[in-house]
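Take a look at the following structure, please.
Here the chain labels run A, B and C in written order, and each chain numbers its own residues starting at 1.
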Amino acid sequence: MNSCLETIRDYALRSIGIGERLLPRADITLCEQFTLIGSGLIWNIYFGALALFFGFFLATAVALARGARNALLRKPAQWFIFVFRGSPLFIQFFLFYEAFVLLPKMGIDINLGFVEITAETRWLTRAWLGALIVLFLNTAAYSGEIFYGALRAVPQGDIEAADAYGLTGWRKFRRIVWPTMLRLAWPAYTNEAIFLFHATTLVYFSGFPAWQQKGDALYYANYFADKTFNPFIPYPILAGYFILLTLAIIAVFGLINRRLNRHLPQERRQMLRFRPNYIR
Amino acid sequence: MFSFCTDPASLPQLEWFACYLTTGKHMAFYGSFLVVLLLLLVTAPVALAFGFGGAMAARARFAPLRWFGKGYTAVVRGVPDIAFFMFFVIALDQGIEWLRHKIRCPDWEQPIRQGNDFVVCAQAKMPLSNAAQWVHEAYGFTLAVLTFSIVFGAFAANVLFGAMRAVPRAQVETAEAYGMTHRQAFWRITVPQMWIYALPGLSNLWMILIKATPLLFLLGVEDIVYWARELGGAKTSAYSYPHPDWRLWYFLALLVFYLGLTRVSEIVLGRITARLSHGQATLGGQALRKGAG
Amino acid sequence: MRKFIIATTALALSAGLALAQETVRMGTEGAYPPYNFINDNGEVDGFERELGDELCKRAGLTCEWVTNDWDSIIPNLVSGNYDTIIAGMSITPERDEVIDFTQEYLPPEPSAYVALSPDVDLKGGVIAAQTGTIQAAYIAETGATLVEFATPDETIAAVKNGEADAVLADKSYLDPIVAESGGMLVFAGDPVPLGGGVGMGVRESDTELKEKFNQAISSMKADGTLNALIRKWFGEDAATF
């Protein structure tokens, strides 16, 4: 038991480079497998949470552009959604990585007039930034489609009521359209969040190289399967962690859902249903 | 393929490409597109059947069956599909061989697990080790279909479960008032009507399935991604057609294939939705009626 | 994770032997020239294909070739999806605990660094390797920064585009790549002796099969055909028996 605590101390943060430098190589214990795979989960959460957070804003913009009357706005949004929803994430990772590698290594100087910023393009080939960008664009496309559907389902009466109260422009959007859209989109958006977290396992598996053996949960599960030649222990551990993660996401999104629906009479509150509407 | 392909190194560019793109390996690559399409066409109905079974189980009045149905959908959906694919096929294969072993070789006295080895009697091998080449391939393909179906069946079960509940309660009550049993009402009223409610979810599931096919190579089926990698990688002169790293072009071709498949699916699913909406008391059905009148 | 069989069944050579014999399924990776690769006709080719067919002939076995992903090549062997691994697999103590090896059919072979210039920092720089290889494990223990890629192709690409300073891989894999790079890639530092010789992997319970292949390998070593085969695929100055 004591040795397990030591293992946790050595490896719990290994995936972000803190702790023992070398991975366990021989006589691998269950404790080591649980600790390291759990450590890798930090990256899955990092990718999932940040992509979801940034993607949320882009998705709203994409949904509005997709519904715009102006073809200059509508067409690019339609194509963006079609390309990212119509192709496997696998291929998106590959193409983006190839493109990022081609960028000059030196960094690009951006002159903003008063201050000069050097954009470090070399970070783009690292998973923490490059993969995050791909996941961000990907989830923005999926959520954009969900939000667009919800936008079209906003009841006409709500809009008319807003007009009657004299709300216009930004205020009407912020106070009436947007909250209703979110409320309608929330069940499907919850699914998107779950699938995004599942998709983060592809980052090191097919997309980006792992540096200094710092990888996500699947990377370590793969490592142990490779070292022990027994796939029946590490992968079920990984599966167990993900079931817990999925439950946590459902709980958090359920809380937000309750808040979004708090003004509705009890029986009309939409039950948060976990239905598989969107995935990559 | 062509008669002038005997010495590729001496060919001018156009002929070189004509030969290169028709090598046996490229033929296997083109064939793998058919394998992917076949997998999609076979998996969809099988997964739907799994989903239907799962949804019925989740609705069952017999509690253990209901727990099983709900557990199946909850667990399988909670796990990323890659993690599932990484160990499931071997487990499935061993499970099948273990069952056959128990039936065919009841008086085998050696243990099945010998250290790390999984050893069953020769008659229980699946397929038999002297079986023809295509039998092995068909078996591998079947395992892949089964694995995909179990994963996507869990998602389909969830959609169908929701769709069954979405059929207006009054319809079932009316059926029961006409003297139908619970079973009759389910098969004659609920099942025919649930499809329109299930269709949006199922069409999305189909799109998901299309995009999950690159994972086929994890299941041991040599699919388009496997061949694109294999063909695109830089080739030294150990090969008849040496070339630098061309993976980018192969992956772009795959991108076009997937986008095309998505577009065709969108059009077909749009038609099916329109068809199923006929005479339904939904917004879509109303719109169709107004359009026709 | 079973891979479909690519190649055709090696023909049973004599009619008498063809009776009542089991088919031996030979598992390989098919992505590691010149050891084993898929040729332009879509068949398994390379040193190990030729060696394997000859061994089967000498042992009087009917053999069939199967390709399998490197990651799961051992789990699928112990699970019985094929009967041997003949995929340039070095004999290591870890692997030997799980499966059995025949005697070596290739002497221990050094790994080498390849870089854009011969004077890169191999101890502190960024070194690429394929995930899960002995080379990756070795770099992790030196002070260098390890970058792992899923396929050997990507490791070479990483050096060419500057992602990594050097790549560490089997020297025989790198030789033709360096030779054909037109001077772009060069060997850096000294070759590193890693791992043992290369042998065929079989299930621990399959002692009979192991013996058959051991005898066949011995006979090929004795009459010099093995050395000739090594020179044919790995060059005149390759290490032989």
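In this text, contacts are C-beta pairs under 8 Å (C-beta built on N, C-alpha and C of every residue); 3 or more make two chains touch, one makes a residue touch a chain.
Here the structure is a predicted model, which is why all the values come from computation and not from measurement.
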Q: Averaging the CA atoms per chain, pick out the one whose centre lands closest to the mean of every protein CA shown.
A: B
(Q) Can you check which chain pair, A-C or A-B, has more C-beta pairs in contact? (A) A-B
Q | subunit B-subunit C separation of Cα centroids, rounded to whole Å | A | 33
Q. Once you find the CA centre of subunit A and the CA centre of subunit C, what distance in Å lies between them?
A. 39
(Q) Rounded to a whole Å, what is the gap between the Cα centroids of subunit A and subunit B? (A) 25
Q: Could you check subunit C for residues that touch two or more other chains and list them?
A: 72, 75, 78, 98-99, 157
Q: At least two other chains touched by the same residue of subunit A: list those residues.
A: 205, 222, 225, 229-231
Q. In subunit B, what residues contact two or more other chains?
A. 86, 90, 116, 247
Q. Where on subunit C does subunit A make contact in their complex?
A. 71-72, 74-75, 78, 94-95, 98-99, 128, 131-132, 137, 140-141, 145-150, 154, 157-158, 161-163
(Q) Help me check something: in the complex, which residues belonging to subunit A touch subunit B? (A) 82-83, 85-91, 94-95, 98, 194, 198-199, 201-202, 205, 218, 221-222, 225, 229-232, 235-236, 238-239, 242-243, 246-247, 273-280
Q. Which of the residues in subunit C end up touching subunit B in this complex?
A. 1-6, 8-9, 22-23, 25, 30-31, 33-34, 37-43, 46, 64, 66-69, 72, 75-76, 78-81, 83, 98-99, 151, 153, 156-157, 176-177, 180, 203-205
Q: Mind listing the subunit B positions that touch subunit C in their complex?
A: 23-25, 27-28, 86, 89-90, 93-94, 97, 114-120, 122, 125, 129-130, 133, 136-137, 140, 143, 217-222, 229-230, 233-234, 236-242, 245, 247
**Q.** subunit A-facing residues of subunit B, complex
**A.** 75, 77-84, 86-87, 90-91, 116, 155, 158-159, 162, 200-201, 204-205, 207-208, 211-215, 225, 247-248, 251-252, 254-255, 258-259, 262-263
